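Have a look at these structures, which come just after this line.
Next come two complexes, and both contain subunit A; in the first it sits with subunit B, in the second with subunit C.
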Partner chain A sequence: MSVDLSSTPRTLLVCERSSFQEEKNRVSTQVEQLRFNYKVSLLLPECNSLPSQLESVLDSFTSFYLIKQLPVYELLDKDFLETAVYQGNVYGLSYKTRIDEDNCVALLPNGRLCLSLDKDSFEVLGFEGKPSKFNHRTKSRFVISVDLTDRRMAPGGRGYQRLLTGLKSRLQLQTDFLLSHHPGGGASLQSLLSRCDWSEHRPQMSQRGLTELSCPAVHSCDPHSLLEWLGAVDADVTCENSSSSFLSTLACPEPKTTLSRALSVSVCGLLLPQDIQRLIDQLRCYLQQPRLESWVSLTVHGFADSPVSWGENEHGFLKGGENFYTLLMFHNHTYRLHLATGAHDACPP
Partner chain B sequence: MPFSSSHVFPWPPSSSMAVFMDLNIRVDPDKSKLQRLIDTAAHLGFSTVALNYVFEPSTKKKQEIPVPTPISELIGELPVVQGRSRPIRVLNRLTVVTSDASHFRPNAAEYRRFDLLAVEPTTEKLFHAACMSYDVDIVCISVTEKLPFFFKRAPINGAVDRGVLFELSYAAAIRDSTRRRYTIANAVCLMETCKGKNVILSSAAEKALELRGPYDIINLGSLFGLSDENSKAAVSSSCRSVLLHAETRKTASGIISTSRTDQQEALQDQTDPGDEPSAKRPKHS
Partner chain C sequence: MKHLDQEEESGVYQRAVLKNASPYHYMKVRLVLEDETSRLSAVELKQFILTGLKTLHGEVGAAINFDLLKYDEDTLTALLRVYSSGLVKLWSSLTLLGSYQNQDCAFRVHQVSPFLLALTGNSRDLQLD
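Now for the complex of A and B:
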């Protein structure tokens, strides 16, 4: 009468090795596709302090707004649609809502509004939607995905009216909301913000210097162990695996070397793909200069509670909502890209 | 007007379907201890908890069924659930530990004061009766001793058909290593017969340190033989089924039909209009 504990929750890892100089390299499309980024972590080996160019790029990340208790029908306001949504400027995500417990809302820059609702809310709202792909036994979660730029959803149209009355009178959905815009498009949000309780936030940056860090051979290490080691470094977990400590049995993959110093930098907030692309370009320049160690690691985490992960793939949360990618860059313009998701996710592209 | 949940359920219609719940927190007369328990539960991410009054009648002396103290008297301000913006919801629950057929009085008026009703049978005959005929929401599986009987398919399927759920609690496993073995053994035994459906996991915590977060309990469920999805349902959607079952039990002559068989399907049928595409929905103003 024993239980089979050998199966672990499903995770997906897609790896790619290529070069930036290759025309068809997928880095920029990947970066653009993961729209709602929560955290960027950098690991710079043999580095004491953040170089000024990298620091200026990180400082110039776009600020974002937090709106308290935004009534979701405000996102369908005619002015807001014309000045912001139709221009392809806006990123919006509901905040403090859990994808497996609450109703979540996402506004994508291509004009798509995604609502992930539980069964009661979906039925009260009364708009077309599909059951979630990650329902277990009973259909308890539904996803409504509306293209606001479509002419059927133009203000005054039937689809638009139906959704608007649904959100205004039947299901008065209100959530805290994170809102951001392409650099330079800040004015387009003003009309919406003037009606709400909002505050502006800068992405939070933190740095940590590390000494005597054991490090695997990044060129040849297998992806799973490498990602585990990177995660341990980012989470400040020791990889000593000493015999007297039972807190962690994580160990640095062999063969290993020791870095005398390294710098771990992280930035948190609602981060835009364009800012991350600029960071990647700047990191490539950083790598061109002669260095002691010829690699840099960049990990970008998506929001665990976002209704979408890459592109418009539905994202869910079973025991973990990870959807992230790690880009390992080398000085000869080559890279290794790892895209990882958890159990309730489609395969990353 | 589409079938609105506000007409059926007394709690606000925006209450979520799959929030995490812990339906077994031992009520303590010490208010500060209880406050710490509720604060810890909210901090861990539970959106609903139930204060459990355990009633163990003995044939020797006549005992009164406890009366639940109103929540407002027991707890000061309800803490906000971590990561969400609503305060935690607290319910009252009665567990009757039965060792004799006369201990559980069907349709006793005192039971109405509680939101949830559970029974913990200690013999096979009582377990069969609890699954097939007692008007309860939860059947507790004992975790403090090795089960004196094996689970048979018939009463388990009978309970599943009626919408009665089985409860496993884990605080005893935290306190004591012998009880840990009993908990796991009894749980695995139950899962073999019921295939992981209609199970809820709860704490039976007496102090704040005995509570664990919902995702930890989901992992614990895998030790009991539950799959990941079933384990997650055991702390979220199955608990919601318990609350719905309790509602129908209380409003038997009210809005919802209370046919004993397929109770959950009856509720789901009534709220199904949402599945049809919107073009076919009846026109309404």
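Now for the complex of A and C:
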């Protein structure tokens, strides 16, 4: 049997164009649906230093907590459910667990708890779940998704008791856990934090000034070339190569211009969609001021090992686990949005 | 063309889904050598990978175009770009490269993606401790 060596696993790139003033635009829904964001990077052309209004938005990104060795049944604690989960907007994700080999846990802002477990753990736990979409033939991974706000999952209910006993006495799943809450921060999470070993973390910001940067025509450039160029800027890869160079032939897409300077800013951590939405609003205000270049680009990377990507769609890793979007905003309120996923993902919304 | 420009200016909602359309794949790899003090230049590294392609896939393999986008000599870490049709051949030959100038070596593949942007935001690099 011969195998086709030239094929690669499926990838998806959704390209949208519209205007923020157009009724059909869904940018805020799309931003809200990618829940677990790891990194935000901005590219500001013809900009020397970070404008103060943008800096204050980036500085005010919500902090998050790292809980060491959290027994997962603690997430079902009655006090925690009442003070945090039922109020909504709690974001939780297991840390340093790999979705292609470990057990992963996510707590979604709508009160849904997702467990992505290997076959052994799933059978030990003894709770209802479904085989993962991405290896349904071998059935080596299972996904449990329960709505904690549902009546049957209320403390004392049958489903609740079954999951609690499973997690407490049978599986005894423990994991390092990232937790954040909008907008309350720590106060509503205290009932959980007080029983654990935790540390508070601020999203880490870094800046890099760029000079003499070749830049394609961002309005009309084809999506893959545009994303490649943005990636090259972000990864600090030079685009000044000749087509006959031995090492690299990567070049800036034509037609191109040269930016005398640009600023690349990035923030890393567990970042909330609400904060990103505020940043987008602020960037739109920034674009309304007169400038040499009338666009900015914003890229948001999701966690590669999250059990869900957009919405509640199952997410897997395969060879990269990428799930990110790039929003290119222009002075006249129009935008270009690119949403990308790898093989183990549903189509972005 | 004029019609298209007008549409773009007016901001009419357009959506397109591209499936498997990425022309390239990108790899972040690190070379691990038995003697950790030895260093390679970028040209030597590319030549070494080309040798591997030729050994495993013959002349057809040696003809695969790939680019060494970035290389850090201190950590021996490189970013590679290859046409999607050549990814499997390049990856397999990296896996089977086991010896550099009579010393054992191995390529560690850290990340593979059809988007260069994805290689700049790997959440597995998040260090909080």
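The rule we apply is simple: the second predicted complex is superposed on the first by the 333 of 349 C-alpha atoms of A that agree within 3 Å, B and C clash if a C-alpha of one lies under 4 Å from a C-alpha of the other, contacts with A are read in each partner's own complex, and residues count from 1 in each chain.
Definition applied: a residue touches a chain if its C-beta (ideal position, glycine included) is under 8 Å from a C-beta of that chain, and two chains touch if they have at least 3 such contacts.
Bear in mind the structure is a predicted one, so any value in this text is a computation, not a measurement.
Student: After lining both complexes up on subunit A, report clash or fit for subunit B versus subunit C.
Tutor: Superposition result for subunit B and subunit C: clash.
Student: Identify the partner contact of A:268: answer first if only subunit B is touched, second if only subunit C is, both if each is, neither if none is.
Tutor: Touch partner of A:268: subunit C, not subunit B.
Student: Looking at the overlay, what does A:227 touch: subunit B (first), subunit C (second), both, or neither?
Tutor: The second partner, subunit C, only.
Student: After the superposition on A, what does A:209 contact: first (subunit B), second (subunit C), both or neither?
Tutor: A:209 sits against neither subunit B nor subunit C.
Student: State whether A:98 touches subunit B only (first), subunit C only (second), both chains, or neither.
Tutor: both
Student: Subunit A residues in contact: does subunit B have more, or subunit C?
Tutor: Here the partner covering more residues of subunit A is C.
Student: Considering only the touch criterion stated at the top, classify A:66 as touching first (subunit B), second (subunit C), both, or neither.
Tutor: Only subunit C; A:66 stays clear of subunit B.
Student: Once chain A of both complexes is superposed, is A:11 in touch with subunit B (first), subunit C (second), both, or neither?
Tutor: In the superposed model, A:11 contacts subunit C only, not subunit B.
Student: Going by the contact rule set out at the top, does A:237 touch subunit B (first), subunit C (second), both, or neither?
Tutor: second
Student: Name the contact category of A:319: first (subunit B only), second (subunit C only), both, or neither.
Tutor: Touch partners of A:319: subunit B and subunit C.
Student: Looking at 42-50, 60-68, 96-104 or 114-122, which bit of subunit C clashes with subunit B?
Tutor: 96-104
Student: Of all the subunit A residues, which ones make contact with subunit B and with subunit C?
Tutor: After superposing on chain A, subunit A residues 5, 98, 319 contact both subunit B and subunit C.
Student: Help me check something: in the complex, which residues belonging to subunit C touch subunit A?
Tutor: Touch list, subunit C to subunit A: 8-26, 42-43, 46, 65, 67-70, 79, 81, 84-89, 111-124, 126, 128.
Student: Considering the complex alone, what residue numbers of subunit B touch subunit A?
Tutor: Of all residues in subunit B, those touching subunit A are 2-5, 13-20, 47, 83-85, 185, 188-189, 192, 215, 218-219, 222-225, 228-230, 232-233, 236-237, 268, 271, 273-275, 277-278, 281.
Student: Using the touch definition up top, name the residues of subunit A that touch subunit C in the complex.
Tutor: Listed in rising order, the residues are 5-8, 10-22, 24-25, 38-39, 41, 66, 95, 98, 199, 201, 219-220, 223-224, 227-228, 230-232, 234-238, 246-250, 268-269, 299, 301-305, 319-320, 322, 324, 326, 332-334, 340, 342, 347.
Student: Can you list the subunit A residues touching subunit B in their complex?
Tutor: Residues 1-3, 5, 9, 96-98, 100-103, 118-124, 126-128, 136-142, 162, 170-172, 176, 318-319, 343.
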